[in-house]
Each structure stands twice: as C-alpha cells, then as structure tokens.
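Below are two complexes that have chain A in common, paired first with chain B and then with chain C.
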Partner chain A sequence: MSFFRITLHRSGIGLPHRTRGVLRALGLKKRNQVVFHPAEPQFAGMIMKVKELVKVEEVPRALTRDEVKAERTPDPGFWVERMVPR
Partner chain B sequence: MFSLGPFRPTSSLSGGLLWKIPWRMSKHQKRRQRLRLKAVDNVVDTITKALAKRGDKLPDQIQRWNEEMPKENEMVARDKYTMFDRKVEKTYRKGIHKLPKWTRVSQRINPPGY
Partner chain C sequence: MHRLGFALPRNSMSRPLLRSIPELRILIYSSQSTAKAAAGTWTKRCITTTSTSSFTGTSAQIEPTNAPPPSSSASVGTQPDPFPTEAARIAAASVQIPQSKRLPPRLPTPAPVPLKPLSESVRELLPALRAQHSHYVTVHIHGFPYLVTMGDQLRLPARIPGVVPGDVLRLNRVSILGSRDYTLKGSPFIDERFYECRATVIGIEAEPMRVEVKKKQRCRRKTTVRNKMRFTVLRISELKIRTVEDIEADAAAAAKSS
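Our next item is the complex of A and B:
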C-alpha cells in the first residue's frame, strides 16, 4: 500500500471556501506542512482540487510526525562528549 | 493652467490610490509561470501513476484533465501567457497576469472558437 506525501506549497488565503475546505479536509493548515494519505481515488480527487497549491509524492509508507521533523532538522555540527565514569 | 507648476497632477496624486498592472508579463514572470504549469503537470502525473499502479479506475475529473488539458510542453506561448478576453478589441486576448489569483489557478484553454 502506498501513500501520497502531500506538502502545502502555496497558501489557500483568498481562495474560495470550497478550496480551503478541501485543504482542511486533507489536514493542511500551514505552508510547508506535510501530511500522508493512502493512494486511493478519493484522496486523488481531493488533491486534484488543490493541485496548484500542493506538492505530491508517492511514498511506500507514511512517516510519523517525529520522522518528518527529523527529516528537516539540520545536522547540529557538534556532539557532546561525556566523561567515562570511573 | 494648474498643471504647469512643479507639482503636476498625476493620476495617482489626483485620485489617491492607484494600482497599475503592466500590459505584458516580464520574462521572469513568464519563467515562473512555466515552472508553475510544470508543477501542476507533475502533481497530476504523480496521482495518475499511483492510481494506475493499483489498477483503480481514474476519477472522472482526473481523466478529463488528462484528456482535455494540454501539458506545459504542448502549449503554445499564446496560451501560456495570455487568455481570452472579449473586452479587448482586435486581439481578444489579455495577459494572464490580469486574472485574479493567477498564480494559484489553472487557466490553460480557450473558449470554443478562439
């Protein structure tokens, strides 16, 4: 089973209520937010309504929120070394 | 006349707020427009392929889009950057950047006969 990875790229501000309602139904509130939905016709139809606003990829599994966050967290560039307990 | 002094009435001075939209798009606006068209093509392509892989029947709106809408590379420049407008004499075309929310709506084809 594959998933659509949907990123809100353009905001829905100023667009018709129906369009913004579709964004809400997809669970998209903020720009650059990422949601996952199963690759099924009903979600394809919803994406079709907001195709100018989103970026879509097909991925094999849905990531959790933490995984999405880890994906965009940059490498800190340092690590803390601890003393070896004696 | 009052228009000969240093402070001449321009359309914005005499009327207050004035917004002007240039009659044609810059080459950079056109480039971004092409990128947006390609991005939409990409989205439709992705969902079409995903559903085809499952063997589902395509929803009507996606099927119609694929049949009726030209892709970015199939469109002529006239359709990418201008749109039909009955108010314009002679050409019946205006720049697509005059369309409200033009960066977030799809406008690709002409009414029948134009």
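Our next item is the complex of A and C:
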C-alpha cells in the first residue's frame, strides 16, 4: 500500500474554519509538519481541499515521527577518537 | 570504561548514593562543568577568495548523509586506528546498535562507501594543495559551518554530552579544504579519506544564569524565564591532507574487500 507524504507548506492562519478543519483532520498543526496517510480516495479528497497549502509526495512506506525527525537532523560532524580516562 | 575494569551504573545511581561509596566519588568530580563566565574568542568567519586556479574535482567522492548509525566499541585509553582497513570499517559500520543520545558518536558516520576513482584535476592539483604551507577547512558540526585552521579555538554553542577536556574529536564533515591558491570543494562534503582533522576538547564552559522577568503594566502576573547557555571549547590540533597514493591505496583496498 502506498502513502501520501503530506507537508504543510503554507499556514492556515486567516483561512476559513472549514479549511482549517481539513488541516486539523489531516493532523497538520504546524508549518513544515509531515504526516503520512494511505493513498485512498478519502485522503485524496482532503488534500484537494487544501491543495494550495500542502506539498504531497507518494511514498511506499509511512515513516514514524522519529524517522522524520532523524531525516532533518544533520550529522554531528565528529566522532570521539580518543578519550581520557574518566 | 573505568579503572575498576567494569562499567558502573553512574546514570542509574543518585548523587547521595555515589558520594557514599568512596570508589565512585570520582564519577561525580569527572563530569562537573566549570561555571566560569566564558570570554572565549569566536572563530573568524571571513571567507577569502582564491587568487589563482581552483579545482572542484570531488563530485564523485561523496558519502551519503543518511546511513545506519555505527556501533560504539571504542574504549577509554585505547587509540583506534584512524584509518583501519576498509573491510574493518565496512564491517564495523554495518552493525546497527542504537546509540544513546547522551553519548557522543565513537565511530565514523556514515557507513563508508567504496571510493570512486579520483578525477584528473584532483590527481593533478592535490599535491600542489598539499605543498602549500598553510591550509583552512570549513568543518560542519551539527550542520553549522566553521572556517578554521590549525591552532584555532572553537566555541560551540552547546555542550557535547559525554566529553571531558582532553578528549580528541575527529572531524569528518568538511565541505571546503583550501589554501592560499587552491580550493578543494566537496558537494556537499569532501570524502573523509582526503584529510585528517582532529580537535581537542579544551574546556566545558557555562555563562551565568540569565533571569528574565516578564510583566505587563497593571497586571500582577509575572513569568520568569531562566536560561544558562553551555559551551564546549575545542582547539583544532591537527589538520593533515593525505597524498593521492594513500587515497588510491584506500580505494584499492575497499574495492578488494567489497
């Protein structure tokens, strides 16, 4: 089953309550938040209601919240080569 | 990890318990941070442009940024070989053990990929870059770039958990490696096998506690916000560029092992 990867690109502030309700139903509360929903007609319809605000991509697997966070976390850029005796 | 020869449950034992056992008291003292008002210098952020030829031949030697986390097998007091054999590197990096966020990474990340053949411009100009007497690098620590050279002091805006002064960090995210006349640019990073860059932790600092009281006129409610920034001070202790022969030897070893 494939999934929609939905990213809220534009905020719903100032938009009608119905539109903000659709964003809430999709689970989008903050800008640049990423949610995953199955690629089914009911979710496609919700996306069509807010298509100007979101960016959508079809992916084979839904990522967990930790995986999405790890994606945007940069590498530490170092590793501990030698440690002094503690 | 400890001179008694076994790992002690420092994180699970409370401070009064640790203080009651004399052998464990050093575990408290070893991790106390010095609460001096920090007055260190920031590294210079100016970017100098090169006057003569620059080459960008590193588009082929890129390691992927999303890779499985490495296993931590380094122990205190031993010096892991900075460039173990390619087979050892690949084997070590392929073991996926989730690391605690409280500890800094102990092995290079990400998993090494076979080094692609060096391009002509790199093979021709890297010796010229090496021959120059002073070099700079732009290292990326947690995504933030710092332009440094040998001997520079670097004050990171966070405390690296689990390190104490004296630890040696190996920096492995370098995007620009240059000298007066030549610049080696990675896209986005230069392969780790081109250089060795080490930084020593020389101090862990903290500023005085900042207290901000927020209150509006004609309203009795007050909000208090406390903030105390912690810093890690590093000194770039080594910056070495490897020779083309060494890099190609690594590539050959990687190709043989894979």
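The rule is short, and it goes like this: the second predicted complex is superposed on the first by the 80 of 86 C-alpha atoms of A that agree within 3 Å, B and C clash if a C-alpha of one lies under 4 Å from a C-alpha of the other, contacts with A are read in each partner's own complex, and residues count from 1 in each chain.
Note that in this section a contact is a pair of C-beta atoms (placed from the backbone, for glycine too) under 8 Å apart; a residue touches a chain by one contact, two chains touch by 3 or more.
The shown structure was predicted, so the numbers you read here are calculated from the model rather than taken from an experiment.
Q: Of chain B and chain C, which one contacts the greater number of residues in chain A?
A: B
Q: With both complexes overlaid on chain A, does A:10 touch chain B (first), chain C (second), both or neither?
A: first
Q: Once chain A of both complexes is superposed, is A:84 in touch with chain B (first), chain C (second), both, or neither?
A: A:84 sits against chain C, while chain B stays out of touch.
Q: After superposition on the shared chain, which partner residues are touched by A:51: those of chain B (first), chain C (second), both, or neither?
A: Only chain B is touched by A:51; chain C is not.
Q: Would you sort A:75 into first (chain B), second (chain C), both or neither based on which partner it touches?
A: Second partner only.
Q: By the touch definition above, which chain A residues appear in both interfaces, chain B in one complex and chain C in the other?
A: On chain A, the chain B and chain C contacts do not overlap at all.
Q: Under the touch definition given earlier, write down the residues of chain A that touch chain B in their complex.
A: It is residues 2, 4, 9-10, 14-15, 39-41, 44-45, 47-48, 51-58 of chain A that touch chain B.
Q: Which residues of chain A touch chain C in the complex?
A: It comes out as residues 71, 74-86.
Q: Per the contact definition, I'd like the list of chain C residues that touch chain A in the complex.
A: Counting only chain C, the residues touching chain A are 1-3, 26-27, 30, 65-66, 70, 74, 76-77, 79-80, 82, 104-110, 139-143, 162-173, 198-199.
Q: Quick check: in the complex, which residue numbers of chain B touch chain A?
A: Within the complex, chain B contacts chain A at residues 36, 39-40, 42-44, 46-47, 49-51, 53-54, 56-59, 61-62, 65, 101, 103-106.
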